[in-house]
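Please read the structure below before turning to the comments.
Chain lettering (A, B, C and D) follows the sequence in which the chains are written, and residue indices restart at 1 in each chain.
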Amino acid sequence: MKTIKPLREKKNTAILLIHCPDRQGILATVTEFLNKNHGNIIYLDQHVDRQESIFYMRVEWELDNFAIPSDKIGEYFDTLIARSLQMNWRIYLPDDIPRMALFVSKMPHCLFDILGRYTAGEWDVELPLIISNHETLRPVAERFGIDFHYFPIDAENKAEQEKNEIELLKKYKIDFLVLARYMQILSPDIINQFPNKIINIHHSFLPAFAGAKPYHAAHQRGVKIIGATSHYVTSELDAGPIIEQDVTRCSHIDTVEKLIRKGRDLEKIVLSQAVYKHLQRKILVYKNRTVVFN
Amino acid sequence: MKTIKPLREKKNTAILLIHCPDRQGILATVTEFLNKNHGNIIYLDQHVDRQESIFYMRVEWELDNFAIPSDKIGEYFDTLIARSLQMNWRIYLPDDIPRMALFVSKMPHCLFDILGRYTAGEWDVELPLIISNHETLRPVAERFGIDFHYFPIDAENKAEQEKNEIELLKKYKIDFLVLARYMQILSPDIINQFPNKIINIHHSFLPAFAGAKPYHAAHQRGVKIIGATSHYVTSELDAGPIIEQDVTRCSHIDTVEKLIRKGRDLEKIVLSQAVYKHLQRKILVYKNRTVVFN
Amino acid sequence: MKTIKPLREKKNTAILLIHCPDRQGILATVTEFLNKNHGNIIYLDQHVDRQESIFYMRVEWELDNFAIPSDKIGEYFDTLIARSLQMNWRIYLPDDIPRMALFVSKMPHCLFDILGRYTAGEWDVELPLIISNHETLRPVAERFGIDFHYFPIDAENKAEQEKNEIELLKKYKIDFLVLARYMQILSPDIINQFPNKIINIHHSFLPAFAGAKPYHAAHQRGVKIIGATSHYVTSELDAGPIIEQDVTRCSHIDTVEKLIRKGRDLEKIVLSQAVYKHLQRKILVYKNRTVVFN
Amino acid sequence: MKTIKPLREKKNTAILLIHCPDRQGILATVTEFLNKNHGNIIYLDQHVDRQESIFYMRVEWELDNFAIPSDKIGEYFDTLIARSLQMNWRIYLPDDIPRMALFVSKMPHCLFDILGRYTAGEWDVELPLIISNHETLRPVAERFGIDFHYFPIDAENKAEQEKNEIELLKKYKIDFLVLARYMQILSPDIINQFPNKIINIHHSFLPAFAGAKPYHAAHQRGVKIIGATSHYVTSELDAGPIIEQDVTRCSHIDTVEKLIRKGRDLEKIVLSQAVYKHLQRKILVYKNRTVVFN
């Protein structure tokens, strides 16, 4: 079903993400390297965390007249620049289309939102695989023509099932996971395989109401605003680096059921915005916090 | 595909919408009428526009022990109460499931959002018909199992094609229309058949940037916030009663293309929220403005 | 300095606030009582908490032709209606101008905001007294012509000083307190004297980041939105009934200092909005949650 | 009264604002110039408008070890860099404290907000002069110890009075003007003297509801959101480059009076945020649009 829209014109650009200890001249050094080799910069954003003394940068440039062949850019950059500046860096080339797996349970709203965007061609991504601990959403996956695998999970079979899931993720060459209201806690075995590559949506304005039943807790506390938070999954529950948050107003007239309904719209938009930022390579993580470039 | 979720438990309630000239005692009169006949009120909201001296009310009550048979409520209410108070009123019973038709063109985001909600069972509505002036979105309609009719429109065939559309809307017993980024202006022939029953989404914060290409106009003017507006369609373009609006921030870094992308998320949520309010019978229209109850 | 604006025309109305166990017919009973006695209702809002089965109501009516003398309304209402319905109620008459005391420390932004509104005549309130544990803001109080009393507080003198404060509050006939970034925790001795009559502003989106240094904690956690919360003070720190909350976006570029600066604008607006709702008698409290009418 | 807070520690930094035709290497050239001369960059943001092909940049660096004397930086930068790159540039040094004049009429809310911030030391600015076409707010100016000049204006004396105002602005060495709900339209004589140096607040979400009585127009149109817009004044009414906008929700229950009350909080915050951005030298204007750096 990925055919309703002609593919967007492919941009022939490279993206470089950097973080390293801050010092004078890094920006000049990197931009000179690109300019000298005829790389026309079309996006540049940088940030210095002066408290931690860390320099962050994202730069995107056109490859058309770039003097260094694409498959050599990494080697040259590492040799000439990155090593001496102790850079933590990564280059993304036009052919690196990331492969995403969705994990879902019974609630369909985030799944529909992602499938709609995927089908409409909003994102540069492959979506070959949906994994679930329930059969509920299989018909949705099938209608959109995406493989659906069912792994029922209980206390006894969890380790075994996650091993099967990891195997499947490898088979499908999955680059990153999106937990689209997946109602199971992943164990460190999976999390450690995908550092800063598992995006979750939590249905509260974290750090308020971490854990189970946040809308019930929000109602109980009588808050006047509810929220949703997308974050990378770490081994500590709902405590990973926050990517995006949004909120909406509520009042005394909102029952728990109404909060859940209102929250669904927040959840799906906040999750999809986080996935989009991830796909654009605009997120850097350092010490459990994100730099998210515009 | 409307089967992924068990149907919600049907509420056996009646909804009464009223507006009439304001005077003392209307509220007491209506609530007494319901109480006396054992109608347990589960929702009541009212509003008085003191400038226009108009009283508005929405009340919902349980039918289980209500003394008046459902098919007689209208008659009794009209005779005993409405006439002497010059009320403009309407009663909705549990079996009145409205039938909605979607009008679309090429952009799929609002269509996907509505189909996702419909399939998930978020709304009490039937959606038997999608009409379009392009073939682009036919595959989407087909995957969701909904009839899709193609009416190409040009200056010459417009009157004829709209006549065909009206006929089709009658055949499908359609109660209200949703223009989900339909890029044609409806003529008064259709509009007059569905007063306050055609919901449009305009991709700007009306009344700013009415008409064509609002994101280009917003970019040109250098605004720092963009918006979307859902409204009932009237014969004056983008000037009908506003149902819902929302906005998001933008800045100098946003090109027209980025505004369009950001705007899509606004458009689909604002349109779906308006449809939901309409389905809940929470909207009253008077003198080109809406009362939208909570 | 309270003279820059002519006083608003006095409204000759009474306000009745009610909460009681829910049952059929309360609304009809109350509105009938007012109608029968020629009380023209100009505002009515009600809410039923169906989970707790509690009915809440605020009604405001004109006293001009009201059959019951103002000083007898309470007695009549209690005898004829409130007792049999087990109502918790309160009537406010036009001459009940509440008297407010401000508690401040060193930060002036909330103080300036309140003094500006007070001087401009935005609020129906008397503000005869400012109490502080520092001398810093005395010049501000003096310029606005408001009595300023300094009570330095340390671990040893706290009980004694609060006793002096309570005495002063009595002498000034203070009805309610506003803690305008007062950096001391009140002891139960004061709190119990003013149940649901002490309004605090906490500089976070509660329940996230309760307690000290919330902006530091928010920065540390890497949130993408910060907030402020106004609430009634109870004996549990930052856990009282929430009146109003608001938020603003932040990002990786915001240092703690920038969060503090952004937060100031939130704090002063959220606090002043809570005070305004309180002055309008639009807040009811039940089981540590508020009903805040529009 | 400007004494309640100890002065902030003075930052010994220079700020450079640039816009020029875009071409490869500008960023590298400028950062090299600063690095080579031992200017430690503490802030850098840049933007390229690819449609217009214009490069924008704001850079701030420490002067402590900078090799070029402060009073020569402009000359050196112009000679070595700016001329060949056709740069439109401006340098701000630590001693350049801008001098602001306020224009007010009768409404005090924006005035109080600015005076509160000024007195609290939030801004690096001098505020020696308030001009008004009414006497209403003279007592406020006097309490804050700021010169207040009254220029009543009618159709006949307008040209003459503005001449007097311009003279006074010169005498007070005023750098920029803030129209804090000043209810007179300035003539081109004043506007041309202060290009991109007159900040106005308009009480609507421009371009919707330009001109007089925007809250009445918003109410009439039945919008669900109202806004406020700060912009630089140009000779076309309410059409100058937008600096900042913000909005708040409204509904059918809001009368014009309630919209005006809600709007006041928006107006004062949006205006003060624009003034703050201006004082931070974070705004560049090109073709009637602003680049506002973070």
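Simple rule for what comes next: contacts are C-beta pairs under 8 Å (C-beta built on N, C-alpha and C of every residue); 3 or more make two chains touch, one makes a residue touch a chain.
All values reported here derive from a predicted model rather than from experimental measurement.
Comparing chain pairs B-C and B-D by the number of C-beta pairs in contact, the larger count belongs to B-D.
The contact pattern of A-B recurs in C-D, the pair among A-C, C-D or A-D where over half of the contact pairs coincide by residue number.
Between chain C and chain D, the centres computed from C-alpha atoms are 35 Å apart.
Here the CA centre of chain B is 42 Å from the CA centre of chain D.
Centre-to-centre spacing of chain B and chain C amounts to 38 Å, using the average Cα coordinate of each chain. Of all residues in chain B, those touching 2 or more other chains are 50, 251, 253, listed in ascending order. On chain A, the positions that touch chain D within their shared complex are 24-25, 27-28, 31-32, 35, 40-42, 44, 46, 48, 50, 249.
Those residues of chain D whose C-beta lies close enough to touch chain C in the complex are 1, 3-5, 108-109, 112-113, 115-117, 119-120, 122, 136-137, 139-140, 143-144, 251, 253, 261, 264-265, 269, 272-273, 294.
Those residues of chain A that touch chain C in the shared complex are 47, 49-51, 56, 205-209, 221-225, 227, 241-247, 251-253, 255, 288-292.
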